[in-house]
Structures are given as structure tokens and as C-alpha cells.
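Below, subunit A partners subunit B and then partners subunit C, in two separate complexes.
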Partner chain A sequence: MIGVELSKMFRRPRTWTTIAVLNALPVLVAVLLRLTDLAPRPGEGPPFLSAVLTNGALFPLAALAIVLPLFLPIAVAVVSGDAVAGEAQAGTLRYLLARPAGRTRLLVAKLVAVLAFVVVTVVVVAAVGFVTGTLLFDAQPVGGTSVSGTSLTQEELAGRTLLAIGYVAVSMLGVAAFGLFFSTLTDSPLAAALGALAVLVTSSLLFTLDAASPVAPYLPTRYWLAFVDLFRDPVLWRDVVRGLALQGVYVGVLLTAAWANFTTKDVTS
Partner chain B sequence: MSGHGRARRWAVLAALVAVLCALPAVVGALPADDADVPAADLRDAVLASAGVGFSGYAVSAGGLTLPVSDQLPAVADLLSDRVQLRVWWRGEDEQRVDVLTAAGETGVHTDPAGTWTWEYESATAERTRPAPLALPAPPDLVPAALGRRLLSEAADDELSRIGARRVAGRDALGLRLVPAAAASSVAHVDVWADAATGLPLAVEVVADGASAPALDTRFLDLDPSPPPAAVVGFTPPAGARVREGRDVGGLLDEAGSRLPAARLPDTLAGLPRRDLAGAPAAVGVYGGGVTLLVVAPVPHRLASALRAALAAAPDAVADERGTRVAAGPLGLVLVEPPGRGAHLLTGTVTLDALADAAAVLGRAPA
Partner chain C sequence: MSSVIVTRGLVKQFGRVRAVDGIDLDVGAGDVYGFLGANGSGKTTTVRMLLGLVLPTRGEVELLGQRMPRAGRRVLPRVGALVEGPAHHRHLSGAANLALLDAAGPGGRRRDRRRRIAEVLDQVGLGGVGRRPVGAYSLGMRQRLGLAGALMRRPELLVLDEPTNGLDPQGIAEVRELLLDLHRGGTTVFLSSHLLAEVEQLCSRVGVLDRGRMVLQDEMTRLTAPTGATVVETPEPGRVRAVLDGRVLAASGERVVVRGADPAEVNALLVGAGVPVTGLALQRPTLEEVVLAAAGTSADRVERA
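Presenting the complex of A and B:
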């Protein structure tokens, strides 16, 4: 069943259209940066973007930072919101459930397909970012400078970039879990995606409010930018570990909720 | 599907959520072990902790909205914002304090010969030589350094014990300083010191009449073992812009020789005048401990800007005794007696004490 869902996900043209659209923004930013040579001022703009002018090999990180706040979660919310509700809307859910595999297995297969989409999307954004960065800017073959001002070898830089890609992918799992849970509540993929986005907008807004500081450590978007900490020297693991644990908690709770709801839901479409 | 099975599944979820929600409260409620240490002894232990090496992660939250955000933005941000600090401390003259931001960091590396300040986003490394006086910098907000500084002149009768609490996962003994000076605008300073090493782990400064601290800095993580020298040291990376910082020592010498020496009274607002190493002779420093008042001559051009900034402050108090502003416990007033140079009075004294001091200065012979 997992193979079927994966194949369905990556055979759909809209999956690849979504990924292509996601890559358009970082590429546009890179082209504008190359043409104008105007880096963001300190304290403004996405992380790593100002450093790209001197080392294009950092553009995968800047590309991830560009899509991370909005574009990437929107894409994940749309795909995960469509997972179950899309089948219900198309009238195919009851046929899927007619197979002996069972509802829990279908939910797991849908989850794996959404996770695969998240990983593929993040890797493609980073890969396109690397190609764009090295084509448009000077890349330093000997390595780079950490955020703390120490020198990093090329191996260290590559290793930390891989860790950052993995961390961003994990950060999106919470969004995917929200989308999947809402997808089991409604027959409308749009409503499920909007539900997941509403959670993210609420989380992002609360994070900026001092009055909400007691709940800040538990907001799903709280640790998204902690991938920058992987480029400090020594690496600051504090927020990275918390970010991974928090995503784990959200995924665990929401998938349990999705399972509790979906396995007993009356399916009529 | 049976209703019983459905109820069981939702019960599993409800139990999971309840356990997860209760965890932070349970961890936060872990009791701290208090120790029967008198307040004066705890102060001595805090002051003796200067040689303790450690590394940690601290957060400082300041509510001091200084009316100098245009002139001194870095200082204003440091004292009015939430600042995340990463600290490696080998000693008073060998330490590294990084101010973390979402997109970069500012690293302050101090060694016996000076300070390197690294700004990631502008890829700039600035070398500054040691000076007897300096503007507030990130290392000043480290709880261990701030706690020692605030307790350095505390008298026995100003101190009391306030129990214990857990800070950064360690038992911290509470010490409250209530300044004895009537003019003080500081209601109290609470220092929570590590029971094992005496290191201040958290410091709260509460202004007179306020309920929330004007400055609250605390460790969230602490490792009380000396960090390796390699982590603390700094060498500018290839491609960085390297520049010399402002020569503060030279500036102070220049100020000392150029500023006209005003005849300042021996006492202001009930506070005796004192010496401060490195301060130009034209600058008067009064008081002690956490109750300090500084009188400094201000050049005409700067006085105009300062007058405008004070007048524009939303909570400025303006009357015949001058325009006064309080930023938490810190008060400021500009005195401009006719025909004489302007003076700025600032310090941790009440606005009334500041007005009295300004009146005395206005009457004093030139």
C-alpha cells in the first residue's frame, strides 16, 4: 500500500509543479542578488543571504531560509490536507477502504507519502539552491566561515548543510501531521489545508508577542530557524534538540488523533 | 466499529495529551534544596566566584527604554530587548560572550590585551583595547558578572536571604539586596547564586514601585567547568573586514584634558561624592552600591539633541525643576543654568532626588 501511495504522489504532475513553484522564489532572489549585488542589511533578510555574495556554496541554506517561513509550509499543508480528504472528495476513499489492508495501514501509507514529499521537496530546494549559488556566485572550494567567525572545512560545511536539510525536513513534519489530522476530519482538502495553515499563522503570530511568551516553547514554528545554530561554532544543539522533540510530540499526538478519528469514521464517499 | 473502541482510542489520546501538558509543570515544580547560609556569607561566596570557569546559555530581558536609541542603539537594544547569550568564561579577562540572533551573532572575545568583536552579518572583526570605563556590553549582562558587580559594595544590613529555587537545573540560593540610601530608585536586587560554586545564576533588578523586574538575566544551561582556551580565543577568518575599534582610553584622556573642571558639591541628593578610576575630573560620581548618581558636562550640540529626546519621551516629567525621564530605575535630567554649560544628571536615584540634585547644581557657583 505504501508503494502505491508513493507512486501516486510522485506521478501526479501537480506534485512536481508545486516543487517547481517552490524553487522559483529562491532562484528569483539569487538572480536579483547577482544583478544588483545588494545584500540585505545586518538584522534584515533571511539567514545566510548576505553571506552568499562571498560564498555561493551557502545558497542552499539561504534558499531553505527563504521558503521556510511561508512557501514550504503552504506546500506541505496542501499536500497533507489532500491525503485523505482528497480521496473522499474524489469519491475513491470507500474503494480504498474496501481493500483488506485496513484503515490504520492506509493512514500509515498516506503519512509515508506525505513524508516522502517533504523530504524530496527540501532536498530539491537545497540542490537547486546549490546549483544556482555556484553558477551565479563565487563558491569557496576550501570551505567557509561559521556564524561564529571560525573557519569550516568543505567537509564540515557539507556535513552541517546535510544536517540542516534534515532538520528543515523534520520541522515540516508537524505541518504534515496537522494537515493529515484535519484531512481525516473533513471531506474537503481545501478546508484541511487551510486548517493547517491557520495553526501555523497563529503560531507565527503568537511567537512575536511578549504576552504569549509562556507558551512560546510549545509553538510548532518556535524552533524552525534553529538550523542556523548548526553553523555556530561550537554547534548550539539546545534549540535543535528541542525542535526535534517538539516536532516528535506534535507528530505523535496528531497521528494518534488522526488514527482515533479515522479508524471509526463513517465513510460515505 | 464499536462505540467502546472509539472511546478507548480517544481516551488514549486524551491521556497522552494530559501527560505531555503536565510534564513542564512537574519539572518546573521540582523543589530546590536550601542551605543554611547567612546572607553576608552568601555575598562573600558570590564575590569569591570570580575565578570560577564555566560555560552556559543565558537569557536577559530588559525593560529599560533609554531615550538614547538613536545615539547609542547597541546599548539601548541591550538593555531594552530580550537578549540570548552564549557564554564561555575562563576568568575576568579571558571570556567569550556571543549574542545570538535568528540570522547571525555578535561574538565578544575578551583577552588580557583587549577585545575582539565579531559581527557575522557584516563579516567584521573589530579589535578594541582595554579601557578603564566602557559602555555596557554583552558580557555585562552575564548573570555571574552582573550579580558580582551589583553585590560588590553591598553592606551586611542591606542583605537578606530569600529561600532557594531551581535555576538552570541547579539549586540556587536567594539573596536580596535592599539599598539603604533614601534616594535609591532600586526597590531591590535579587541574586540567585549556585549553592555549589557561588556563581550568580539569575539576577533581577526591580525598580521602586514596579512589580516586574526592569532587568532580568538568568542562565538556562550551565556547565561549571572551565571551557577550553581554543573556544574562547579568536582569530579573524579569511575574508573578514578587520578594523580598530574606538580608542575609549584615549577618548577619556582627551575628555579629561578638554572638559572644563566644574566645581561640584561634595554631596548631591544625600549621596557623598566618590572617586571612579578612569573618569575625567569634570565628571562627578556620587553614592555607592546600586545607588549611583553621575553628573557629566555635555557639549552644546549634544545637549540640544538630548533635550529634544528627553522632552519627547512619553513618560517625561516636566516642571520648573526641569524635564526628567525615568527608564526603570534609571533617571535622567538635563541641567542648563543660564550662562553655564549643560550637565546631564543620571543614575539609579528617584526623580525627586534627581530634581533636588539639579536644583543644587543650578544654584552652585560656576
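Presenting the complex of A and C:
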């Protein structure tokens, strides 16, 4: 069943179009930086971008930081919102369930497929970022510089990059859980994706609002950029751990709700 | 004869609307069962409850002797279904669609999957369709592909909702032959349709649904049994009335309906009196007459309720 859903996800032209579009933005930013040599000052603009001109090996991280706030969540919201509602709209859901695929199994398989999409997307963005970075800028293969200014060995940098990719994937899993939950509520994939996006926009907005500070620690987008802390020396684990715990709670609650709703739902699409 | 589909007091309430209102279905093994009803009479909701897609408000469903939806995982692999038109992934080929659906549930062996796909595609007349994506199929081809999907695992029971929708007359005849062929091979067919002619030609047993209630369920032979009257065709209907005074039930044009279940006796009387007889037949009600009569009475019942 999981194989079936993975196959559907990655044999679909839309999946690869989305990934291609996601990569276009960081590449555009890299080209502009290369042409103008105008890097944002340290501490301004997307994280890591200021350091890219001196070390292209940091560009994968800059690329992730560029797509993370907006592009990646939109893609994940669309894909996860489509998971069940898309099948319902196309009419294939009734044939899957009459096959019978089993509602719980189907939901798990859909979640795994969305997760695979997130991981593949993040890895492709990082890989394209690495290629772009090393082609356009001077790359320093011997390690890099931490955000704190100390130097990191190449192994440290690679390891921390992997950790960062994992952390971003978990953050996106939270988005996917919202999308999947809404996807079981409606037969319209568009409505489900918009629902997930509405949550993210609300969360980002409240985060900037002082009046909302009491709820700020519980907003789903609160710790998204905490992966930057992985490149401090020593690693600042506090926000990373909180981010993981927060996403864990969201994912647990939302998936339970999605399961409870989907397994007792009349499929009339 | 064992029962393949049994429902007892099946009720489905959507909000304030009672879509299905106490249905007792009984489909035996080897039946070709015609499930008739106007659009909106609750046919599709009933079919969805049989397959565990919609959960009943009250009542029970037994499929192949086991309770649904609990036994779905054991029972549904032995059932082929076509519900409210075919649905496929448009960017994939027909064979890829069949393979994905087959792999999505139990009872579809991977080893012989390719062979089974080729077989069912041949069976529904899509053997040469190749790798074209389903998006480029005509409506009739999609309908055939949907039917192929239902046949993938040689099901004991076929639940088909409007299977000839979108097919041309030749296609309809082909599907009818295919279904009769499968039936001869031992498959029970549950055919939901609003096409009376289709059901009349195929089905051995009929259930009629009207506004969520079952108004009729009987063998086709009994429903269309002779009424005890004889239809006489003659160019001189006036003289029939004179010869068989008091036995004429109805007359229109050259067609006269006469009481008497023995056409030979009627014929002898008429010919003896010198009345020319051009046609003679036992009167049988058509399925349409039966259905309209049944659905008509139920409308009153619903109003009183």
C-alpha cells in the first residue's frame, strides 16, 4: 500500500514540477548574488546568505532558508491537502476503499508518501543549492564557518547539514499533518490546502504580534528557523528540541483527529 | 441456495433526509439481480453501504455470508465493483491504473498481475490500448476500463452501478454478453440501473426502490408472468367484441385484449365465427408496467408517513 502511494506520488508530473519550481527561487537568488556581488549584510536577509559569497558550500543552507518560510510550506500544504481530498474529487477514493485498501492503512500510506515528498524536496533543494553554490561561488572544501564565527570541519558541517535537513523535514511534517487532517474533512483538495495555508499564515502573523506573545511558544511556525541554531558553536539545542516537541504534539493530535474522522466517514464522493 | 447479499432493515439518514429507509435485500448465489429505481431513490447509497463506503445508520449488511463493514478486508477482495461511473488517474495508462488498484489491497497476487491485467483488458475489449494515458480515453473506454478493474480478481460477486453508461449500442450488447458469460461461469451479478430494458434482458431477479423503500422484490418470471388474458390482433376489432361478448377487457386500434389464458381456444372461437386473426399472444406485463405500478403505490405510502 505504501509502495502504491509512493508510486502515485512520484509518477505524477505535478510532483516534479513543484520540486522544479521550488528550486528556481534559490537558483535565481544565487545568480543575482553572483552578478551583483551584493550580499546582504551579516544579520540581515535570509540566514547564511551573507556568508555565501565567501563560501559557496554554505549555499545549500541558504537555499533551505530561502524556501522554508513560504515556498516549501505552500508545496507541502498543496500536496498533503490533495492526499485524500484529491482521490475523493477524482472518484478514485471509492475504488481504493472498495478494493479494500483499509482506511487506516490508506491514511498511513498517504502520510508516508507526503513525508517522502518532503524529504525528497528538501534533499533536492539542498543538492541543487550545493551544485549552484560550488559552481557560482568560491567553495571552501575545508570546513566552513559557524554562525558564531568559529570554524567547523568539513565533517562537522556535513553532519550538521544532515541534522538541519532532518529538522526542516520534521517542521514540514507539521504542515503535512494539518493538510492531511483538512484533506479528510473535505472533498476539495483546494479547500484542504487553503485550510493548511490559513493556519500557517495566521501563525506567522501572530508570531510578529506582541499582543499574541502568550500563545507564541505554541504557534506551529514558532521554531521553524531554529535549524540555524545547529550551526552555532556549540550547538544551541534549546529551540531545536522545543521545535521537535511542538511539531510532535501537533502531528500526534492532528493525525489522531484525521484518523478518527476518516475511519468513521461516509464516503459519498 | 445460499444468499450472497442480505440486508435487514437497512436505514441511512443524511441529516434530515432519509436516503434509504428500511431495505431488506436478498440476492441469492447465481442470481443476476436487477436493482431498479429512479435517480435519487437511494440505489447508490445502498450500493455504497454494501461495499462499506457509507456506514448504515441502522440495520445490517451481509456480503458473502459475512457482516459488513467489519469483514470488509476478507470479503471485498472477492467482490468486483463499479460505483457511479469509473474513476482513474488520468496521467497513467489503463494497465498502470489496474496494477496500482490491484496492489492497493489484499487478494491480488503480484506474480500473475501482468497476466491478469492483459486478460481483463482483452475481456472488455481494450487489449490493444497500449500505454495511452487514461486522460485520452473516451467515456466508453473508461467505462470498459472500470469494468476491467472489477474483474481483476475473478470475483464471486459483481456489484455494478450503471455499467453501460456512456457505451454505444454495440458496446452495451458486448457488456451484456460479457455479463451473461460471467454469470454462466458462476458469478453472481448485482446490477443497479434505471434502464428497464437492460434489466429486463439480463436479470433473473428484480428489486425496485422508490424513495428509499423497497417496493418490490421478486423473480423476473413471476413479475412478467401471463396475466390470464390473450392479445388478439385483427383488422376487424368490432367483430371480436360481437363474438366474444363480455370477455373483451380492452381494445385499441387493431389490438384487442380478451379474457382467457388459452390463445388456442380464443383463436378457435374467432376463426369459427369467420373473424380474421393476424396475431395472437398471451398477455404479459412488461417490466416497465410492473415497475411503474409498484412505484406508484409507494408514493402514497411515503406521503402518509
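What to note about this one:
We adopt the following convention: the second predicted complex is superposed on the first by the 265 of 269 C-alpha atoms of A that agree within 3 Å, B and C clash if a C-alpha of one lies under 4 Å from a C-alpha of the other, contacts with A are read in each partner's own complex, and residues count from 1 in each chain.
Throughout what follows, contacts are C-beta pairs under 8 Å (C-beta built on N, C-alpha and C of every residue); 3 or more make two chains touch, one makes a residue touch a chain.
Not measured: the values here are computed from a predicted model.
Placing subunit B and subunit C on a common subunit A by superposition gives a fit, with no clash between them.
Judged by the touch definition given at the top, the superposed model places A:7 against subunit C, while subunit B stays out of reach. Contacts of A:191 after superposition: neither subunit B nor subunit C is touched. In the superposition on chain A, contact is made by A:102 with subunit C only, not with subunit B.
In the superposed pair of complexes, A:264 makes contact with subunit B and with subunit C alike. Comparing subunit C and subunit B on the residues of subunit A they touch gives the larger count to B. Applying the stated contact rule after C-alpha superposition, one finds that A:92 touches subunit C and leaves subunit B untouched. Legend: residue contacts after superposition of the two complexes on their common chain; A:120 is shown touching neither subunit B nor subunit C.
Our angle of interest has its tip at the CA centre of subunit A and reaches the CA centres of subunit B and subunit C; in the overlay it is 140°, to the nearest 10.
In the superposition on chain A, A:131 makes contact with neither subunit B nor subunit C. Of the two partner chains placed by superposition, only subunit B is touched by A:228; subunit C is not.
Per the superposed model, the minimal spacing between any CA atom of subunit B and any CA atom of subunit C is 5 Å. Common to the subunit B and subunit C interfaces on subunit A are residues 264. Considering their complex, residues 1, 5-6, 9-10, 12-13, 16-17, 20, 24, 57, 86, 98, 100-105, 107, 118-123, 125, 220-221, 231, 234, 236-240 of subunit B touch subunit A.
Chain contact summary for the complex, subunit A toward subunit B: residues 42-43, 45-48, 50-51, 54, 65, 145, 147-151, 217, 225, 228-229, 232, 234, 236, 238, 249, 252-253, 256-257, 259-260, 263-264.
Contacts from subunit C toward subunit A in the complex involve residues 14, 45, 48, 51-55, 72-73, 76-77, 79, 81, 83-92, 96, 100-101, 103-106, 149.
Residues of subunit A that touch subunit C in their complex: 1, 3-4, 7-8, 11-13, 90-92, 94-102, 264, 266-268.
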